[in-house]
Amino acid sequence: MVGDGVGAFIGDVHRKAVLTDGFSVFTAGCFSRDYSNNLETGKKLGISEDRLYKNYFEMAEKEGKREDKIDYVIIVTPNSNHYSIARIFLENGIHVACDKPVTITSDESKELKNIVLEKNLLFLVTYSNIGYPMIKQARKMVLNGEIGEIRMVMAEYAQGWIPPKIESANGQKKIWRFDPKTQGKAGVIGDIGCHIENLVSYVTGLSILSICAKLDVFGRGFELDNNASIMVKYENGASGVYWCSQIALGSKNALRLRIFGEKGSIEWEQENPEMLKIAMRGKPLSILFKGDDKTDVISRLPGGHPEGTYEAFANIYRDFGKALMCKKELRNQKKIYSDFPSIDEGIQGVRFIEKCVESQNLGSKWIEI
Amino acid sequence: MVGDGVGAFIGDVHRKAVLTDGFSVFTAGCFSRDYSNNLETGKKLGISEDRLYKNYFEMAEKEGKREDKIDYVIIVTPNSNHYSIARIFLENGIHVACDKPVTITSDESKELKNIVLEKNLLFLVTYSNIGYPMIKQARKMVLNGEIGEIRMVMAEYAQGWIPPKIESANGQKKIWRFDPKTQGKAGVIGDIGCHIENLVSYVTGLSILSICAKLDVFGRGFELDNNASIMVKYENGASGVYWCSQIALGSKNALRLRIFGEKGSIEWEQENPEMLKIAMRGKPLSILFKGDDKTDVISRLPGGHPEGTYEAFANIYRDFGKALMCKKELRNQKKIYSDFPSIDEGIQGVRFIEKCVESQNLGSKWIEI
Amino acid sequence: MVGDGVGAFIGDVHRKAVLTDGFSVFTAGCFSRDYSNNLETGKKLGISEDRLYKNYFEMAEKEGKREDKIDYVIIVTPNSNHYSIARIFLENGIHVACDKPVTITSDESKELKNIVLEKNLLFLVTYSNIGYPMIKQARKMVLNGEIGEIRMVMAEYAQGWIPPKIESANGQKKIWRFDPKTQGKAGVIGDIGCHIENLVSYVTGLSILSICAKLDVFGRGFELDNNASIMVKYENGASGVYWCSQIALGSKNALRLRIFGEKGSIEWEQENPEMLKIAMRGKPLSILFKGDDKTDVISRLPGGHPEGTYEAFANIYRDFGKALMCKKELRNQKKIYSDFPSIDEGIQGVRFIEKCVESQNLGSKWIEI
Amino acid sequence: MVGDGVGAFIGDVHRKAVLTDGFSVFTAGCFSRDYSNNLETGKKLGISEDRLYKNYFEMAEKEGKREDKIDYVIIVTPNSNHYSIARIFLENGIHVACDKPVTITSDESKELKNIVLEKNLLFLVTYSNIGYPMIKQARKMVLNGEIGEIRMVMAEYAQGWIPPKIESANGQKKIWRFDPKTQGKAGVIGDIGCHIENLVSYVTGLSILSICAKLDVFGRGFELDNNASIMVKYENGASGVYWCSQIALGSKNALRLRIFGEKGSIEWEQENPEMLKIAMRGKPLSILFKGDDKTDVISRLPGGHPEGTYEAFANIYRDFGKALMCKKELRNQKKIYSDFPSIDEGIQGVRFIEKCVESQNLGSKWIEI
């Protein structure tokens, strides 16, 4: 993995995601220009120090020559570096997984494609939204013609996290998302607008004929667009409206897709990703949940268990893990970290169950606990 | 880990959860009475074969004697085995993490507690719901007195997955949740009712004074309760109603908690776990999302990114992983598994961004793509 | 109409409701013990003064003897007066519409029934919730067996308006809902609990076999229950839980009904009364809106027009009416009340439409307005 | 009133709305070109036959000369007639209330304005949405600067009722909304797009600088636009996107307004009109309901009583009214229309209350009913 050492956000998501199904392990990395951060991150992931590289050139070249070289590299650096990093790894015969947008200019991305073809390599762009089970379900239904010929697409991705102004040059540099040097010419449209484009394309299969875009820059000190409205004409005659924003206060990560066809419509929201609203002409609104019999899409958990279920479990195991570590250090001392359900809570639960059965057996009478 | 080999549901959740934060690795196991399943599961987790045991007695004893013994064992077998498995591991000096309910009778759980105290060991009962960040937030607010003295608790856990009838003895045996031999005397009340009890206790700190329970057995062939209503009196004078059900058609995993105090109320739903509804007397309803500034609770992702975000990322990495494996086997053949965003989607996205900027620069004119 | 002069809440609802379909007009009344309020209310309703009576005895007797006597009387007084007022009107041969609960004791209500039968009169108890179109739809579906034999009923009516304490005897007298003298022995259970009982009975047709009730009195100075939990056994073997409360802070008028049968379930909420959630075993959740083709229930407006549509229209007509009245008084003065859309807004709208068409005709170009 | 006799939809809404507050009564009308429909409608409204006119010219002239002439006329005819009808009434000195859009061309509406000024008359355009209490609340907050300078407006009005195609000329004529002769050059943009324009203008006070509109005509046989996307630039530098549609299957009457300012945002939906979502930078989402203490806007009912409450009451009074009419005709026959809660339901309710109190007094024991 190149980029996003300890303390960065999206790299951690990538790392946890990669580990989830046990397909991959981390064996090499160049996580940060700050070598100590690099070492720290690598150590946490169990990577041997000789495969923690000082820069990506070194990593690409050295890994490219190893017998047991890495299968693929994950690139999660600021956008402006994607091209040169991806290029050097591809040239050294290593498959690439790269954050979106893949490059700053489309010429760069076409060049990458040429190397991919020439070297016969795989290239993943991590447009993560198409990974949601219900998006795969939506795509299947739309491509099967269930909602008929598409007429109108409404897609929006609203965030509201941007600060009211950028105080100083320093402030701006810290936030590379606002800096044309690392981000390219596009602000919100490059950061999340491309998610809309990819998601609509994936679910509908429609090709865009032409667009009319209005990009706005709000707030003192900002150089890049942080609010964008785009009208779209598709080749099949359908219309679309895309809206993405970082200044939509009150919105968190509100990616929402609505597709209206001749026979029905489909609606999906990323903040509630396990359901799909389906309205067929002349029928009541139908809400399909992940896990409903009709859905044969990939899913790790039964219906009603939001994916956050893993998180909740992980949290109690984390707290238990902390207690174990305290315990090892503290030996026989009594006070240990204890925000997890222990045998006391276990006893309490069993007694509650017993008493419920007892109350029932007495004719549903009141009994003390 | 003892129990839940390949093909079982909750064991996989436990395993993924344990791995999430990298606190633990699996080094030994006894996943199934079926030794080949045991081997398969262990192999997937990278456990060496000499530490994959044929039964839990062997595992507890042999591990107990090793220098590099396991830190703790995770027990995810049917309820009736919890007691004897937990006991043998505790006796061999190994910490225990055990699925709920911890035992069949409260006497058994008290015995376990005695060993825990005697041996000075840790014991985790995996009541996972208290792992949700917003539950920790709710507990903090309630214990701080923000909603005042509690007056009324409404808690429900509704599922609707139970089949209309059990056709035959065979059918019943397969589903150990319905079998008094493995499940004990309690059905739904033991399976999910104890989650309600634990959650209310954790968030409110209230002690139950007495209860009045009505347990129902619906459907032909069922022996254990699958619908339960319980009225509760708490020591502070508050009242409660608990309802849990496996026959509530249309419900998936609908755990919902509402707490009404003298000054305000709090509401949380497990199917939408990242928000908390807070109503203070005389103020508008307030909805607190995970990630809002006010919440200082644990959370791995910023607001608006449901925890399923990991899943979506994991899904595209999984599909990419599959493609890589295809590739290795197929060598230079052209057709490979390809349901992941590739360089083509990357190019398309960058071009979209470029064209948006171009349209804007032309005065928001229509341009072809 | 007897009771609820100007300034009272529910009487006004009754009056507007009665007038809605033009079936009835008000021709006589005894709206308040305060005769001037009585006169004022009567005048507003266009009732001639000789039919505005000082008390209900006088009204019942005098109206009973008229050729053109009233068809029926509407009783909206505090509960404790219902019996004697209803009785005197029935005895004078006048049909009765009476607010719920019909009397304080069931013996009283049985006596009224005897007179009803003897005199062959009609008697309406204004349990208004069964007037909702989607409740009639739910009843039809349940009685048709669409969700199968009923197993579980969850019904709740949560309000949170009650003040934290009653300061003084004076304070209490003003609020007759809290006074055992006017309200009888039952507080919330009499005020809104009976709505639950009626609604469940209407929709399901189930008969109650036995109940177990826990009534709570919260807050300093209160004498009557303001929170009640009731477990219910029905004759068909189903179970029920009813909860009603006036201390559920954050709740406004949250009447909610969930019925779980062998084949499916139905859910309805009074605060969102135009939809019905229907979950049939093995099918996606279906949401039926008022106006969907499948519903053949009574309804005055097409789908998506909440009944509040009348209100919104009424509000602009009211503001226009005020302006007209200003105008008449002010003659040629220029400043008049003007919070309604006038010809200026009309022009603006037409120009907007014209410009939209013009932009389209120019190839969807930007044009100034 | 001119237009919309018995059987038409919007006229009935206007009529009920006008009557709601008792400001107006109907004293004259010309409801239909079909004189018998006209007579029938007039009779229902209690209008004397000599004031039911054959055409609007006659009505305007005759009413204009009466001492007791009508205060104002309500025009609810197809759009193309608005101008000439409004004109003749204004010229005869009668105030006008006219459905939207006020005329087909903006020149026509300007002419009406000239007469209004000259004759010193009032003119109401029934943009009903600004009558919602929470819209008045939103306007107040926006104009007070609570959300700061506006940056982005998202407004949409989605309907999905349009049929897939128009079969024949006959089919089309029946639906005047689709006919350029009655509707003018604009389809959905004239029918509901103007509601968006008016609502945004009312709530924000923003002036539109320029627009870019894309109007679509979907479905075989349609001549007028039934889907429209419009990008908007406001004078203060804010951007807007308006979308209105009649082909958005699954939508009923989904008017939705979102306004994003520098300090916060406001959201309102017509299908859930009694709440306002308010998100201030750095604070949790706040949901303001009609009736919350903070709102001092007009409202006829307390919070939690959707305006449909009148409807539900009206429905039971209607059914009681029908029973009364049956009764009068049928004399002593037993079978009468009876879908209303009668004395039996009254008794049942009182008994339920009594039994609840009794159960409580016995220590919350089970008792039979």
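As written, the chain order gives the labels A, B, C and D, with residue 1 at the start of each chain.
Just so we're on the same page, a contact is a pair of C-beta atoms (placed from the backbone, for glycine too) under 8 Å apart; a residue touches a chain by one contact, two chains touch by 3 or more.
Here the structure is a predicted model, which means the values were calculated and not measured.
J.: Hey, what chains does chain B share as contacts with chain C?
T.: A, D
J.: So which chain is farthest from chain B, going by the mean of the CA atoms in each chain?
T.: It is D whose centre lies farthest from that of chain B.
J.: Once you count every C-beta pair in contact for both, which comes out on top, A-C or A-D?
T.: Answer to which pair has more contacts is A-D.
J.: So, what's the distance in Å between the C-alpha centres of chain C and chain A?
T.: Their C-alpha centroids are separated by 48 Å.
J.: As a quick test, compute the distance in whole Å between the mean CA positions of chain C and chain D.
T.: Computed from C-alpha means, the inter-chain centre distance equals 21 Å.
J.: Calculate how many whole Å lie between the centre of chain A and the centre of chain D, each centre taken as the average of the chain's C-alpha atoms.
T.: Using C-alpha averages as centres, the distance is 43 Å.
J.: Find every residue in chain B that makes contact with two or more other chains and list them.
T.: Residues 212, 214, 231, 233, 251, 278, 285, 289, 364-366 of chain B touch two or more partner chains.
J.: Provide the residue numbers of chain C that touch chain B in the complex, in ascending order.
T.: The touching residues are 147, 151-152, 154, 156, 160, 164, 212, 214, 216, 218, 227, 229, 231, 233, 239, 241, 243, 245, 247-251, 258, 260-265, 267, 277-281, 285, 363-366.
J.: Would you tell me which residues of chain B are touching chain D in their complex?
T.: Interface residues on the chain B side: 212, 231, 278, 282-289, 292-294, 364.
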